[in-house]
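Dumping the structure here so I can ask a few things about it.
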Amino acid sequence: MALPEVICVRDVEKYAIAHLNKNALGYYDSGADDEETLNDNINACKKLRLRPRMLVDVTKVDCSTTILGQKISFPVGIAPSAMQRMAHPDGEIATVKAADSLKTCMTLSTLSTTSMESVAEASPNTLRWFQLYVVKDREITRQFVKRAEMSGYKALVLTVDAPVLGNRRIDVRNRFHLPPHLSLGNFEKVTLHIEKNKKSDSELSRYFVSEMDASLTWKDITWLKSITSLPVIVKGILTAEDAEMAVRVGVEGIWVSNHGGRQLDGVPTAIEALPEIVKAVNNRAEIYADGGFRTGTDVFKAIALGARAVFVGRPILWGLVYNGQKGVEKVLQLLQQEFHRTMQLSGCVSIKDIKSSLITYASSYSKL
Amino acid sequence: MALPEVICVRDVEKYAIAHLNKNALGYYDSGADDEETLNDNINACKKLRLRPRMLVDVTKVDCSTTILGQKISFPVGIAPSAMQRMAHPDGEIATVKAADSLKTCMTLSTLSTTSMESVAEASPNTLRWFQLYVVKDREITRQFVKRAEMSGYKALVLTVDAPVLGNRRIDVRNRFHLPPHLSLGNFEKVTLHIEKNKKSDSELSRYFVSEMDASLTWKDITWLKSITSLPVIVKGILTAEDAEMAVRVGVEGIWVSNHGGRQLDGVPTAIEALPEIVKAVNNRAEIYADGGFRTGTDVFKAIALGARAVFVGRPILWGLVYNGQKGVEKVLQLLQQEFHRTMQLSGCVSIKDIKSSLITYASSYSKL
Amino acid sequence: MALPEVICVRDVEKYAIAHLNKNALGYYDSGADDEETLNDNINACKKLRLRPRMLVDVTKVDCSTTILGQKISFPVGIAPSAMQRMAHPDGEIATVKAADSLKTCMTLSTLSTTSMESVAEASPNTLRWFQLYVVKDREITRQFVKRAEMSGYKALVLTVDAPVLGNRRIDVRNRFHLPPHLSLGNFEKVTLHIEKNKKSDSELSRYFVSEMDASLTWKDITWLKSITSLPVIVKGILTAEDAEMAVRVGVEGIWVSNHGGRQLDGVPTAIEALPEIVKAVNNRAEIYADGGFRTGTDVFKAIALGARAVFVGRPILWGLVYNGQKGVEKVLQLLQQEFHRTMQLSGCVSIKDIKSSLITYASSYSKL
Amino acid sequence: MALPEVICVRDVEKYAIAHLNKNALGYYDSGADDEETLNDNINACKKLRLRPRMLVDVTKVDCSTTILGQKISFPVGIAPSAMQRMAHPDGEIATVKAADSLKTCMTLSTLSTTSMESVAEASPNTLRWFQLYVVKDREITRQFVKRAEMSGYKALVLTVDAPVLGNRRIDVRNRFHLPPHLSLGNFEKVTLHIEKNKKSDSELSRYFVSEMDASLTWKDITWLKSITSLPVIVKGILTAEDAEMAVRVGVEGIWVSNHGGRQLDGVPTAIEALPEIVKAVNNRAEIYADGGFRTGTDVFKAIALGARAVFVGRPILWGLVYNGQKGVEKVLQLLQQEFHRTMQLSGCVSIKDIKSSLITYASSYSKL
């Protein structure tokens, strides 16, 4: 049976929603509490208007940029998302290979269903970052960092917005669990002490409570930097105050994110938080953004607001469901083509042309 | 038949709406006139965005606070709501016991279906406040105050937004009446002269017209304070001007409320009115808020705006319908867990960390 | 068959919509062009919030006021609407008698289906105003003015927003016509030269084109004032500039109105236009408002913004359909009761207490 | 079978949508990407409020104006739209004749299904403008210009917002193609090298990639002006910056447009962009606007904001589908009648009366 044609990310999403089982779909798709932030993410870009410039020669457009000094073919990377083998048997391996094809960056989650070594081996030359969750036992964390270094990951993305897990109601209702034939690849040696029969809560929630370290502070970033030579990115920053803190402790990157609406409900979207953070950081670190980016135009808006690159989470999972590695490639291609076209139609031939004068708030037009 | 699982207050609400009879549901659920304020209450919190801070050690979080010097385990109390035995045979007794379990405060309505003495006896050590409606005969009022003091109520909550009853259309249509097997517990000796056969209007409306005192002024607070040693809280304040008046006559607490959208339609929500009142009061009295709070995040927002505690009305009634005392406990537990999690995900370990810098209006993000 | 109970104006409206024929309903209910203004009228009041004051003795409330020196029992009058006998056989006679019962003012339309003399005779002591359309033949206009004076009308309401008829699509589709058994009472002697067989357009539209004077200017008000001793009110003002003009030519009243959304689509509502007009007029003339007022709270908001009285159009027609004179009385009673209650719940005991500090824009609450 | 009556442009639109085939309807109706801009166009005018002035003699109203010195009977012209013979066999010939009847201007698209010479011949005395797409081979462009001059076109409308084609998803899904019996009239001698069997993309998209010149810059306008004596209008300007550029290179007209939402999604509507452009141009060139204008009131608003004329795209196509030349005439008549009435009801007797004081933003009314 032929796959249906997909010409935008929403098409891929629709396919995935129709084909995933309840347990996995709930986990992938849902947000925390009332899902206000989840919905806000999707609509955030609509409040911005592009101010395109005409009559620029756009026959040749260069969409490429660098992140932490490494070239990517266009400013869209792959956000870390856990347990990708629920979406497709090839899981993280398919994802990294797609990143390789499109010449962009894959961020591997601590909670992947494939070990970081296997992912590295499958695509050794791809730009790979490792997303780090700090577990209570710091020795395990230290090993994670060392293994990431050894396997050629080029940065550590420390997720700071999840000291405890967000309240994803659907997962609680579904008693979300990792299917028995899968396991968390990076924890091969680490025994998970999860009470299997507890009636309420999701498995992941119990896992977080038992293993994750809610005591993490800015000092731990200093510690982290002391044990690694890799650049450190903090993921989950939403205020200028924290961005300032991050710069002071010496991070190389600030990843503006509300975790796809999965952690605290009622917070700003990345698009909303970007301006105050861009201003506060003032070029002292690179700034990335994620959450709800679904078209090349969405991406362009974030870049115009000052992000260096945008990352996508769920679209990658939908791509996996659609067609494994090829599905992820399709998603990335669509975003790349749309971004390329948006650059052309805005009069930009290189990333540095995407200035803040090319964007404004829709509400700014309601004054005579 | 097992009760369905509930994982948020809305679940309890849905259950209650499906299980209450028309007369009681109409009374509990409806608002005044076009129900604009009723709806505004539910949506008010969505206009605010949290600005969570990361990398704070949140392994230990203390949600407790004090109201008028008394400790409660988290800043959510029970608002006074009349006639709780229509929701469950145990009515106010179930409610006070649930307040006791969760270590929070129960405010008993003047119009309870259980006498204040029985409520006190059922749970003598619970923090209880008595909500006072001043009836035309001041001697009855004086007796109410004395009985409240004797039964160990710790404050008088004088409701000032109901000189006459709001126009709740559904109650008029239903000819709302207290079922014959129930009575207003605090009025055992007080004969209610209500014309039973009047065709239009609701019973409660006739009752208000005949018994309640629409002549109450600020001077009566001075009188009230002169006959009691209990702290006085005025409930139903919506403007800075009235808050200033309240402080001047010496009240200990100001309860910002639109009476759950049941009195005057078209007024601000508590969330809207809080900032001007917090500013005017300037710490000269404690400030509480109610109306439409349904999640722990909603509560957090009110605290960030300067409220000392939030009170909930209908959720308690839904809890009673769901499962009596256990149902109310469930509602309070859900709010407590959500509030606890919101504190953790916002980087707060004690109530005093919940500063106004942690909150902003969504609209503040629409400026470059 | 008993009439269904009605407890708010919307109930009466629903009844009327279900019981009127297509031709009359289309004419009564519709607005011009895309009906944006018609809809805006209904929603305009929702953008305002009341700021009620508590602890005022509201046992005795006086809703009465005066308009042009004449007392009315509450600040709601009857706007002129044409052809009321399509709604009920008693038509304008029923309306004037209801005005009499409720002790308020009835404005009779030039295009009434009952002559101004018959209306006067039916209710000689009611406060009656005559709405004037200036027809091309100024002699007819002069006769109208004289007849109005003779029949005891107390003011001339000159409608200035209809030099040509608004484009009410439903009337065009329905080829709206006055049923053959009815006639325009004030034009008994005036032959209407209307081409009966013209295929498109509504009858009223043809009538306006042939009879009404689109050449009216501010000078004609001077002329009008020269031929009458009655006070003159201009109806249909929407800008401060025109209000200033009106005051300069010496009108006694300014009636802020968009003609119930029936003339120019896309204009402000009365609620929107009031503030600039109140400011410009600065007490040099009385100010009235109409358009979309459906509850006592709506009325209260207009008074708080500076209107002296509010007028209602369609609700009167719905009342007629519902139950003739008694139906109109019911509509007025509902508005009066609601307005009375709004005064009580806002802490007002007389009209002069309804100050602008009791009202604000909802949007004003979205700033920290 | 008789045609259904149509009394507003929406009626014509509904008819056309019900009668066109999928391929043509998709092409005519759709917009780029998420169609946000397409929808914004339709709603843009609703954010503005008219401030009509009363008591002006409006018996005689002159709707006529001039564009580039040529008189038109009212300020609505016909925007260029490609391939009109898909809508009706008479296509562009019907359109130009309708423009002639209504005494307005027709802009012929480069991509017409009738040659510019045939259109000229069919209606030699009509005010005609030629919309120019610059193709890669400049010699072809030069020939187009010469042919337009020879055939009596009075201006060149250079479309600058389409260096590449917008991403119209529906056309991609439909594999949009020009039906085999039709051809691009202006390209009779020009061979189009389009890969017929390519599976994805629309035919037009492939055509653009192969023929259109994405290298166009402001310098090419200087070149264009050097090879023609016709006035040059740039179509597709959305920012003050580009308007300033256009004035500097000496264009005679600036056509504010987002190409009917068909090119870059997420840009301002013409109504939004007009004020900044009007201000920047400061009368140094004429300013036109298009996109979503569907009523005479919409047109009036653009004129009040400073546009010299408005152009309509899709309504003309709907008119063609409805009834060929007569259908287009009907559309133009409706707009003219509505515009005429709007002038009367706003107190304007000539175009120059339509001042900016007659308009304001709806949001400006939400301040006390």
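Which chain is which? They are A, B, C and D, in the order written, and residues in each are numbered from 1.
As a working rule, contacts are C-beta pairs under 8 Å (C-beta built on N, C-alpha and C of every residue); 3 or more make two chains touch, one makes a residue touch a chain.
For clarity, every value in this text was computed on a predicted model and none was experimentally measured.
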Maximum centroid distance from subunit A, chain identifier (CA atoms): C
Homomeric contact subunit B-subunit C: same or different residue positions, threshold half: different
Whole-Å gap separating subunit A and subunit C, where each centre is the average of the chain's CA atoms: 59
Approximate Å spacing (C-alpha centroids) for the pair subunit C, subunit D: 42
Residues of subunit D engaged with two or more neighbouring chains: none
All pairs of touching chains, each written as two labels joined by a dash: A-B, A-D, B-C, C-D
Complex interface listing, subunit C residues touching subunit D: 33-34, 36, 47, 160-161, 163-164, 166-167, 169, 172-173, 200, 214-218, 220-221, 234, 236-239, 241-242, 245, 263-268, 272-273, 275, 356, 359-361, 363-364
Residues of subunit D that touch subunit C when the two form their complex: 5, 7-8, 45-46, 48-59, 295, 297, 301, 338, 341-342, 344-346, 357, 362, 365-368
